[in-house]
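Next, two complexes with subunit A in common: one pairs it with subunit B, the other with subunit C.
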Partner chain A sequence: MSGLTGVYWTLIRTALAEQLQYRAAMVIWLIGRVVQPVIYLAVWTIVAQARGGTAGGYSVRDFAAYFIVVMMVEHVTFTWNMFEMEYRVRTGEFSPLLLQPLHPMHRDVARNISYKFLTTVVMLPTCLLMIAFYEPRFELAAWSLAAFALALPLAFAMRFFLEWALALAAFWTTRVAAFNQLYFLALLFLSGRMAPMALMPEWLQTLAYWLPLRWVVAFPAELFLGQLVRAEAVEGLAMLGGWTVVSWGMLALVWRCGVRRYAAVGS
Partner chain B sequence: MGELAYRVNFAVQLLETLLTLGTALAALAVVFGHVDDLGGWQPAELVALLGVFFLMGGVIGVIIQPGMQSLMEGVRSGTLDFVLTKPEDAQILVSLGEVRVWKLADVALGLTVIGLALGQVEAVLSPLQWLGFAAALAAGSAIVYSFWLILATFTFWFIRLDNVLIIFQAMYDAGRWPVAIYPGWLRAALTFLVPVAFAVTVPSQALVGRLSVDVLALAIGMALALLLASRLFWRFGIRRYAGASA
Partner chain C sequence: MANHAVVVDHLCKTYVVPVREGGVRAAVRSLVRRQTRSVRAVDAISFAVEPGEIIGFLGPNGAGKTTTLKMLSGLLYPSGGHVRVLGHTPFRRERDFLRQITLVMGNRHQLVWDIPVLDSFERNRAIYRLEPGAYRSVLDELIDLLELDELLAVPVRNLSLGERMKCEVAAALLHRPQVLFLDEPTIGLDLTMQRRIRAFVREYNLRYGATVLLTSHYMADVEALCRRVVVIHHGRLLFDGDLDELVQRFALDKTIVVELADGGCDLESYGRVLESAEGRVKLCVPKAETAAVTGRLLSEQAVLDLTVEDPPIEDVIEQVFAGELA
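Let's turn to the complex of A and B:
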């Protein structure tokens, strides 16, 4: 295991050096990640005000707290694998990576972690600015925060496996743009980014319960905000853990099929 | 063969925009499960706004953005020098140089959505109101174009500006909702920094009969002022531009 740790340390250091060169571009990319939650927060604020102060149990300040936390959780867990894989396969950049003894996924994990680490410098002050401006209502509980600390890395892993596996669709077709867009559409509604799950129609909530996306973003956010009782927290952690295993299995399977196909296409 | 490529691009563009439209409509559906109107806007009126959003997006995507993007690329790669040697006005050449025909799919979809939404509201707009809408659209397009030209002119001094496109995309996305719902700082940014308000919200207000004369006058005034300012800035940039080999 120490071998892998050493490898990761090197990979992360390399990634940090690479990414620092593009720091201006990185900050610009963050604008989109901040504007989206701000948009939905504005919409739901109007809804709450129109309903006399609360909608679905959320007051304006509750909405503010929710969307700020969701913004941070989304930021920590998001990946760009699906865009990059298509680019790599198309340009043939992927071939040399496949020849190396190290599984290409490790490099991507390291780059993702490095990115998150670097962008914290911008996201954290932004988050604090938003807290100062929106005056969100936080009712935190120590045990819930501890559960959150457990759920977040798990959510990161699960989402990474899932999106890396989905990214491998690029092995079968280069027209992944529509497929990716469908995924992000599902992500928007099923993960709690568009609205707290409690505000979605019943049938959507049920659908989201049985799919992984809700456990990646909405669940850690609800844990942080102390909105769940212990039973629900345990249930959520179980779902999250279960989906992590499933997406890991899916990844392994798709990888094996994909590599075989990739090699076949070349020859 | 080129024809086929365009048709495929057209189809892909249409599919992408349909998905975006579907997403936006689904979001509206969720929101209107809780309220009857959003800040005074009825559901059908917000759908009309979506139509304007796609219409404008199409106009920007067909002619404004490609021209400015290839201008920025031309500064970086030095090919702008060839354009500058031609006798015609360089600004016209770079502005109309690139056309992405398949983006017309967005224009067509936007118009369709507007038509359907107005049909729902059973709105009958007077010729004057249609004129106001057309004027607002023209002003909005002119403002977006000037904004892009100013940005592109900056590449004479700051060559690595291609990521600015990302800022525009991110902030244009906010145009799917009426700008009035946003907090003051964002509203200001969407009016004076990235002109989304003039591109989408103002023409939509004209469609639903809520455009006041002073706002329209402001839009037209800003359009003229920015067209002049961007032209002057462009000429200043061209004069100072020593060429790629300098």
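Let's turn to the complex of A and C:
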């Protein structure tokens, strides 16, 4: 294996070895990722039952399908760059990465992939257990699943670029935790993680349409569940593609300005 | 200029740092009006380094040594002036440039904490895209020079500080860089390990003709490795030349060690007595008076042995930094 593929292969292998050292931490993180959608599902189940079986057109089994798929989409697309970057910049850990002939982002992509590879082994059985327990209703369509297969890696790329660019705020201020909280709050409401977008107020749906977050979680989930007509799928893919390009551009710009400001403190 | 490994021309670095008085009132005021001040860490320094040269950067804490190395390696963007390293502008961090340099910082690690040393080396092999054969040959050499054999299979977190530093140095040199920026490479190490790292740097320099720029608070590092030193204080270049010349230029005094036949005798009239024990007296005399004092001692005292020495390099440097001679 040569070129960038070979580099990735080695980075993923060493990341796997590293992550296997922290099995307990990994399980705790995973529990957090599973519990959150289960709580939302429980809440919406109660709401639907209280309203005679449906809420906003979603039955209990529809909610189950939605939150199980959202959990998997979220698992594939989530990154922890924004948590990590502040520490790296503040302690000077970022310095050695800047002096190697490989953009530091590649290393993060490799670590993300290796983490997902390891944790999928647990996530998939969890998902099957949830399916057995909640009996979700899936109405799958081949063309929609094909669009989902296209949207999912695009969503991962877009979210990675976007969050890496936002994480680079650490070059301007070494305390970015508050800024991160703001972003994750927006992610909760505007991505469809807390509730299907159709249940949100009209103005929030409009806002979400024009912002990137809806396209990384809710949109792939809706594709998987066959909730979109073809025109909506094409429109969504275009929005996702557009935001991927915009995020990439933003990342390139912020990176270019940020490294000039990098003070290499702590090293 | 084309043949220089490093060319630095009026290089400057200014940091903008927030300032605030102590107390709650000042803290509240800073919410509205944040005050900053500019700190010039490096102030228009210029010098050039030949390929294969080893030069030492001397200066007290905050003098600007590390900031200079960081700009030379491409980690920091200069506020002014120009730098060229191996014909590249460091800050652009072109891959071709990064493959030819390394920066070793004594307090910073590029090894992965939780995995065996060899896995970290393997990762660097991939990042620098080294051919397996070339990598193996460099690794074998490094294992031999730094005696790493026993350490390769050990997770980094289980290594002692000295062992880790040896592995850090090896990791930084796997791609066989042509320019080494070493920032306090022996900090915190015991004397044996310091000597081993020094010997290794010397050997690497001789074997590959690599250029080495070194900062260290240990004069032993500088004396063992560097004929040429650059002295920086408050971001300004105070001296650039041979270590011997530094002593000649800045040492005001000489040390005369005299052994007397008649034991303890008061020699205060000849100079400042630094030590006196069992007929052996160490005197500090102004450099200009050394010859005269030596003549008087020989003619007036029963001298068994007499030597004239330069003061320790640490003392000379201390004098320079104290501003007594600058």
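FYI, the second predicted complex is superposed on the first by the 260 of 267 C-alpha atoms of A that agree within 3 Å, B and C clash if a C-alpha of one lies under 4 Å from a C-alpha of the other, contacts with A are read in each partner's own complex, and residues count from 1 in each chain.
By our rule, a residue touches a chain if its C-beta (ideal position, glycine included) is under 8 Å from a C-beta of that chain, and two chains touch if they have at least 3 such contacts.
Predicted model only: the values in this text are computed from it and were never measured.
Visitor: In the overlay, work out which of subunit B or subunit C sits against more residues of subunit A.
Guide: With both complexes superposed on chain A, more residues of subunit A are touched by B.
Visitor: So in the superposed three-chain picture, is A:51 touching just subunit B, just subunit C, both, or none of them (first/second/both/neither)?
Guide: first
Visitor: In the superposed arrangement, which partner chain does A:132 touch: subunit B (first), subunit C (second), both, or neither?
Guide: neither
Visitor: For A:182, is the partner it touches subunit B (first), subunit C (second), both, or none of the two (neither)?
Guide: first
Visitor: Kindly classify A:262 by the partners it touches after superposition: subunit B alone (first), subunit C alone (second), both, or neither?
Guide: In the superposition, A:262 touches subunit C alone.
Visitor: First (subunit B), second (subunit C), both or neither: which does A:24 touch?
Guide: After superposition on chain A, A:24 lies in contact with subunit B alone.
Visitor: Which partner does A:39 reach: the first (subunit B), the second (subunit C), both, or neither?
Guide: After superposing on A, A:39 lies in contact with subunit B but is clear of subunit C.
Visitor: Between subunit B (first) and subunit C (second), which does A:231 come into contact with in this model arrangement: first, second, both, or neither?
Guide: Neither partner.
Visitor: Output check: A:142 vs subunit B and subunit C. Expected answer is one of first, second, both, neither. What do you get?
Guide: neither
Visitor: Which parts of subunit A are in contact with subunit B and also with subunit C?
Guide: Dual-contact residues (subunit A): none.
Visitor: Please output the residues of subunit A touching subunit C within their complex, sorted ascending.
Guide: 3, 6-7, 9-11, 14, 17-18, 21-22, 92-93, 95-96, 98-102, 259-264, 267
Visitor: Could you please specify the touching residues of subunit B with respect to subunit A in the complex?
Guide: Residues in contact with subunit A: 12, 15-16, 19-20, 22-23, 26-27, 30-31, 33-35, 37-39, 160, 163-164, 166-167, 169-171, 173-174, 176-177, 181-183, 186.
Visitor: Quick check: in the complex, which residue numbers of subunit C touch subunit A?
Guide: Residue list for subunit C touching subunit A: 15, 70, 73-77, 91, 93, 95, 98-99, 101-103, 105, 107-110, 112, 114-115, 119-120, 122-129.
Visitor: Contact residues on subunit A for subunit B in the complex?
Guide: So the residues of subunit A touching subunit B come out as 24-25, 28-29, 31-32, 35-36, 38-39, 42-47, 50-51, 55-56, 133, 175, 177-178, 181-182, 185, 188-189, 194-195, 199-201.
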